[in-house]
Amino acid sequence: MTTTTRWRALTRHNLFWPVAVLVALLLVNIPFTPDFFAIHMTDGHLYGSLVSIVLFGSPLILVAVGMTLVIATGGIDLSVGAVVAITGALTCSYISDQKDQDALAGVLLAMGLGLLAAVVCGLWNGFLVARMGIQPIIATLIIMVAGRGVAQLITDGQIITINSEPYKLIGGGYWLTLPFSIFVVAAVVAVTVALTRRTALGLLVESVGGNAEASRLVGIRSMRIKIMVYVFCALCAGIAGLMISSNTSAADGNNAGLWIELDAILAVVIGGTSLLGGRFSIGGTVVGALVIQTLTTTIYTIGVPTQTNLVFKAAVVIVVCLLQSPKFRAKVFGARAKTTAPATPAAAPAEPAPKMEVS
Amino acid sequence: KEDDSAGDSAGSGGGKKITLGFSQVGSESGWRTANSESVKSAAKEAGYTLKFSDAQQKQENQISAIRNYIAQKVDVIAFSPVVVTGWDAVLKEAKAAKIPVVLTDRSVETSDDSLYVTLVGSDFTDEGRRAAKILEKVIEKAGLKGNVKIAQLEGTTGAAPAIERAKGFKEVMDAEHKDDWKIVVSQTGDFTRAGGKQVMAAFLQSNPDINVLFAHNDDMAIGAIQSIEAAGKKPGKDILIVSIDGVKDGFVAMSEGKINAIVECNPLLGPQLMEVVKTVHDGGTVERWIKTKEGDFMQDQAKAALPTRKY
Amino acid sequence: MAEPQPVLEMTGIVKEFPGVRALSGVDFRLFPGEIHALMGENGAGKSTLIKVLTGVYTLDGGTITLDGRDVRIGSPLQAQHAGISTVYQEVNLCPNLSVAENIFIGREPTRAGRIQWKRMRKEAAEMVDRLGLDIDVTAPLSSYPLAVQQLVAIVRSVGHGDSDGSGSGTKVLVLDEPTSSLDRDEVLELFRLMRRLRDEGVAILFVSHFLDQIYEICDRMTVLRNGTLVGEHLVRDLDQVQLIELMIGKALDQLEELHDHQLHADVGESLLTAEGLGRTGGIEPFDLDIKKGEVVGLAGLLGSGRTELARLLFGADQPDAGKVTIGGKQVSMSAPNDAIGAGVAFCSENRKTEGLVPDLTVRENIILALQAARGWTRPIPTAQRDELVAKYIKALDIRPANPEARVGQLSGGNQQKVLLARWLITQPKLLILDEPTRGIDIGAKTEIQKLVVSLSEDGMSVLYIAAELEEVLRLSHTIGVLRDRKLVARLTNGPEITPSKILETIASGEQSGEQQ
Amino acid sequence: MSTTTRTPTTPDKVEGGTPSKAARLLSDRRLPVLVTAALFLAMYIAGLSRYQNYGFGDSQVFLNLFIDNGYLLVAAVGATFVILSGGIDLSVGSVIGFTTMLTAWLVQDVGLPLLVVIPISLGVGAFGGFLMGYVIHNFEIQPFIVTLAGLFLFRGLCLVISKESIAINDSAVSSLAETRVSLGLGDLSIGALVALVVLAAAFYILHYTRFGRRIYAIGGNEQSALLMGLPLGGTKIAVYTMSGFCSALAGLLFMLYIQSGDPLHAVGMELDAIAAVVIGGTLLTGGSGYVLGTLFGVLVLGLIKSIIQFEGTLSSWWTKIATGVLLCAFILIQRVMTTRKKA
């Protein structure tokens, strides 16, 4: 009895299904790569599939975390991919112009410059959405289209290769035997969680997304909040841009972060945040992003023929979404649940049921 | 907008300046940008008025660009087709308007051969074949014994260079190395460094015994090299690498011993194109297929060739 | 009345929501040609019963028989086909469509599949007219105030029978608190319509928290408490006191005391002055002065501009003329923040669209305004927050008393209380209450009125808007009378001010009483 | 309360204010479309004056807008239905690509006659839309995600049919593709004509059928629509089916336009379609907009493309930047013009 109730409470938890899918996907790899979970030391750092999932998934996690807040306000940001490209391009082109590419000051300045550009993009998006009242999808489409042009303008259409050890650290380096990017992601996620849950920002964001007019009438400065989340999202995309360009030590204005916005949105939704705005879950988003990255890695390792990559991806996305849909679960598993546990409803006490699980 | 009117003097035979409409595929790679730049600077040098448009990888954009060139009554139309098929209708319109069409970079499939005059460019399938050939040399040089386990990094799925390079490579492999060569894994790296790096990292997990990498372009090879190093292996030694394109960074990697051989695919076909345009415009005859000057490079040639790389 | 066959019979109805058992084994019968009241406190399960009946919720137990046959109603559409027309508690129409379309959508007059717009508009105009409404049926619904929307919803459900031409028509008409935002005139109009339908043999299920209305129009009633059936009675067998005792489940003691309470006299100096404040298309420029500790009531007919006036004082709409001074300082009323900063709070009449954030919890909704005022960097400390929330949940008797419950799942009345709590917690200087007692049960209504009295005794000023004139009269020191979106009179409350006096003022549009 | 006397004959009901206000609001709803149309004209005239010498004034250049964007118009009309109902369809581009592949494969490799292939393709597209609608409605999964899965799926299926592009040399196809209908001022292709017919049909459906009005109702407030007894599920599924159908039809037109199937055709075209709908004044939140606006949205996008091609000196990245800037200028002007009228 207690185990069944605990199990039911667990399955009701909003992270249960995404995590279950993540675990399932990881397990799928075992028959194909028996030592999939093995991690060993190579060249003084940890090496293994799990490490590379986190390493290559880092930019997606970052972008998706930023995207979560935007979506929570009822918006959407299509420009993140372009921002990734601009940031990487600007930073790399600045570094490549330096005489000593290893000089820390120069690298920091370059990164600052790149992130500044990202913030400017975010401000512009925020301005269009919050101030001008333009629909987010179209407001951010502008930078999505023009931004890549700007990135290519900066790189002159070429791939800029740099050779800077300090810059390499962010996206490709290791620290304490772990990929440095894990620490960056952890820091950004921690800051985001702190910012939204330790302060009232999360509440206000959810309120704006849940009912914009009501929020205005309780005196929430929704314009400011919206601008803030777009800037934050762009900043996250900017950091992801640094990471992507640092990972390969090259800035590719055309391909860096291509279609990352779709994956990010997908991650947010898999994580349980509604695209209509309102309630959001950063933890869910991180899991969602890991699901997507694991899926990508799985496609590479289990030897799916290239032409069926997308079909495979579509199938997984559909399965994840179906599993997450309470309606689907009720229809498919519902019948069985009723027959196996008929005692539970009858035994339900007349007094109010136990308090619901709170995240 | 009338521009470049100052450069009139260099026009052909003192007559009216030639107007060339050029529709580029896009700017998806450094190779492509170098190609565009080459066309632009060559046109300027030759004193032609160049109408340039970028199709952003979309065939429909190229078609409407060509339509617009027809409406603008340019003298010659040149374009690098996004895909091989589907050009009949618009090329017929060009023909009806008596505007000669020159293809660059790759061919098209048409029902009527008179729809275009000539093709200036290389052949992706041939590049694949050359890659396989040079791999033979590389293996021999490295003294690799036993079975050759190849990992292939494909270009964007569905894109012609990816399909044809793979085809050419396989052709040679099937014909000459049916028993000793095997492609053990093959995935798309989307022609990008990040893609190459990620896919290679996964390959090394699932098939640690790979000893040869064939990448459809240099960028993917460069990305893959990083993954190979991260796995504690030596690119160029533990894993032999052959790639196609010949961009500068590729040559840098080759001179460092990380890539074993590169099959060149030369984007700088602007000057050649301009010559052809002039001949065509003046009513001369040209060959059906004008191949660009390209070479294959092994490691020992890398150092020498590096300074000549422009892009 | 000999017992005929009931047209509708629900037996042993059970409905559970996660954590709440909203209905446990309720029986309900409805006879043709009767108006049947469904009574109960907020959260008793009235709306849930209606939604189960009309297929919005699936039932977890029990049976429904219609005309003696067992039925399974899976959706509102099926309910309509079965002859059940419903007006739900919250206005459920499409704000983007025109009034005419809202009335007709789903059964527009067509010829060969093509909608006949002209005919539809004409018929809609006639139907609206019959309820005594004079509005442009081609304008989008959202351009009308809630009360008009409520009437449109009624027109839609009632009209369902006649215009179908199918002959079957409506057998059962369900009205869930249709009168909560109507004023006396509209209510009478509605009653006339209900009587007509009853005489035609339609069975009407009517929910209202106005006991007077129940006694005026209903024949029979079913009382629910906490999701269980308390009893079914003929209206004439029960007096109001007995009914209330049935509803709340205990003897009644304090309810009466408000009726003869004295307005406190210590009204202080001026708190808010509005001079020439107005907005074209909204309300004509008006002057208003609200003193510290004073309750100012607004009286007027539906659409007379009470809400518009309140919104201007709060900065919810931007005035295009005039100025506002609060506590001696001029405040630019460009956004609600300005007003909130100056100590004004505004409890909107439209809790669904302008009030609550349905996905957030009760706790979060309650602290929202306070938190917004503090800014996002200064969250309310957890302990203090929980204490405050618990205090107001208790004070206003919000049920379920679980601060973690989603507000969207609360019953209508309890949602209203959450909204009130939100603003009380900010301890404003001026509290604007636009129909705060809408949809609130009789017990809670008295509580809220008592609260207003005690707040004003403590020095808070209140601007009070309510559909019931008596309510306004009982509480206010001063009454502003509106007519045609113009503030026409200000009356100081006193024994000589009666509802009929106010109605006269409204009718004549002149200040017949003493000038202030 | 019961003591209240009957209201003395109230000279109630506001007269004067109401109609004018209503009229204003009504015109407000159409305003975005008018503004878009006006801006399109302004842009066209600007293009005329700038590229006059290059034959921009040729009426055929104007008609080319329809020829070159017919398929986009059809796809955008489908997207309009979905967006009006409050949903979104990201699978448009992939379905178009898939249709070109499927028809090319059926005609070329399987050898079926075109007349058989057309209904098959339309049916497959509509069925795809139906499936997505079914999942969206029955399992209450957000349309964005379901159609995103559709995007992956159909693009994947393209590649499953063949990685390489398939040229169509069927004579029926090429004669259809090359047929031009003269309008006096210039010619229109079959594709453009079909697109205009689809537009007219969509207008009729949206404004003169119950189904069309239900779409608006659902877009306005889904919950209310349900409670008003509208067949929510049926309508939603029908809307996605319709969008799938329109995408497939757009795919056929696209196939005619380029006479080939290619797995990478129409990548990202869903964004063009959505952008066209939104530029045409339709709200992404649903319930408000006109299909005529979509026409102007498509024309604006086409015109931006034409202008850039006529400019002819832009390098690749400047093309992107210029597209973004023109789009932005357009949206901002549109926004400013529509809000100023309201105030």
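The first chain written gets the first letter, and so on, giving A, B, C and D; residue counts start at 1 in each chain.
In this text, contacts are C-beta pairs under 8 Å (C-beta built on N, C-alpha and C of every residue); 3 or more make two chains touch, one makes a residue touch a chain.
Molecules present, by chain and UniProt name: A = ABC transporter permease; C = Sugar ABC transporter ATP-binding protein; D = Galactofuranose ABC transporter, permease protein YjfF.
If you're wondering where the values come from, they're calculated on a predicted model, not measured in any experiment.
Visitor: Where are there more C-beta contacts: A-D or A-C?
Guide: Of the two interfaces, A-D and A-C, more C-beta pairs touch across A-D.
Visitor: If you average the Cα atoms per chain, which one ends up farthest from subunit A (ABC transporter permease)?
Guide: C
Visitor: Based only on mean CA positions, could you tell me how far subunit A (ABC transporter permease) sits from subunit D in angstrom?
Guide: 30
Visitor: State, to the nearest whole Å, the distance from the C-alpha centre of subunit B to the C-alpha centre of subunit C.
Guide: Taking the mean C-alpha position of each chain, the two centres sit 71 Å apart.
Visitor: Using Cα averages as centroids, what's the distance between subunit A (ABC transporter permease) and subunit C in whole Å?
Guide: 43
Visitor: Let me have the rounded angstrom distance from the C-alpha centre of subunit C over to the C-alpha centre of subunit D, please.
Guide: The computed centroid separation for subunit C versus subunit D comes out at 41 Å.
Visitor: Please output the residue numbers of subunit A (ABC transporter permease) that touch at least 2 other chains, ranges allowed.
Guide: 152, 157, 306-307, 309, in rising order.
Visitor: Please list all residues of subunit C that touch 2 or more other chains.
Guide: In subunit C, no residue touches two or more other chains.
Visitor: Mind pulling the subunit D residues that touch 2 or more other chains?
Guide: If we look for residues of subunit D contacting two or more partner chains, we find 159, 163, 315-317, 319-320.
Visitor: Can you work out from the touch definition every pair of chains that touches here?
Guide: In this structure, the chains touch in these pairs: A-B, A-C, A-D, B-D, C-D.
Visitor: What residues of subunit B sit close enough to touch subunit A (ABC transporter permease) in their complex?
Guide: 27-30, 32-34, 36-37, 154, 157-158, 185-188, 190-195, 197-199, 201-203, 205-206, 219, 222-223, 226, 230-232, 247, 249, 252, 311
Visitor: Over in the complex, which subunit C residues touch subunit D? Could you list them?
Guide: 56, 75-77, 79-80, 86, 88, 92-97, 101, 105-108, 110, 113-115, 133-136, 138-140, 143, 156, 184-185, 188, 210, 212-213, 215-216, 281, 301, 303, 468-470, 484-485, 499-500, 503-504, 506-507, 509
Visitor: Where on subunit A (ABC transporter permease) is subunit C touching in the complex?
Guide: 198-201, 203-204, 206-207, 210-211, 213-221, 225, 278-279, 345, 348, 350, 352-356, 358
Visitor: Could you please specify the touching residues of subunit A (ABC transporter permease) with respect to subunit B in the complex?
Guide: Those residues of subunit A (ABC transporter permease) that touch subunit B are 32-33, 36, 42-43, 47-49, 52, 56, 152, 156-159, 161, 172, 244, 247-250, 252, 254-256, 258, 296-297, 299-303, 306-307, 309.
Visitor: Show me the residue ranges of subunit D that touch subunit B in the complex, using the header's touch definition.
Guide: Those in contact with subunit B are residues 50-51, 53-55, 58, 60-61, 64, 68, 71, 158-159, 163-169, 174, 177-178, 254, 257-267, 305-306, 308-317, 319-320.
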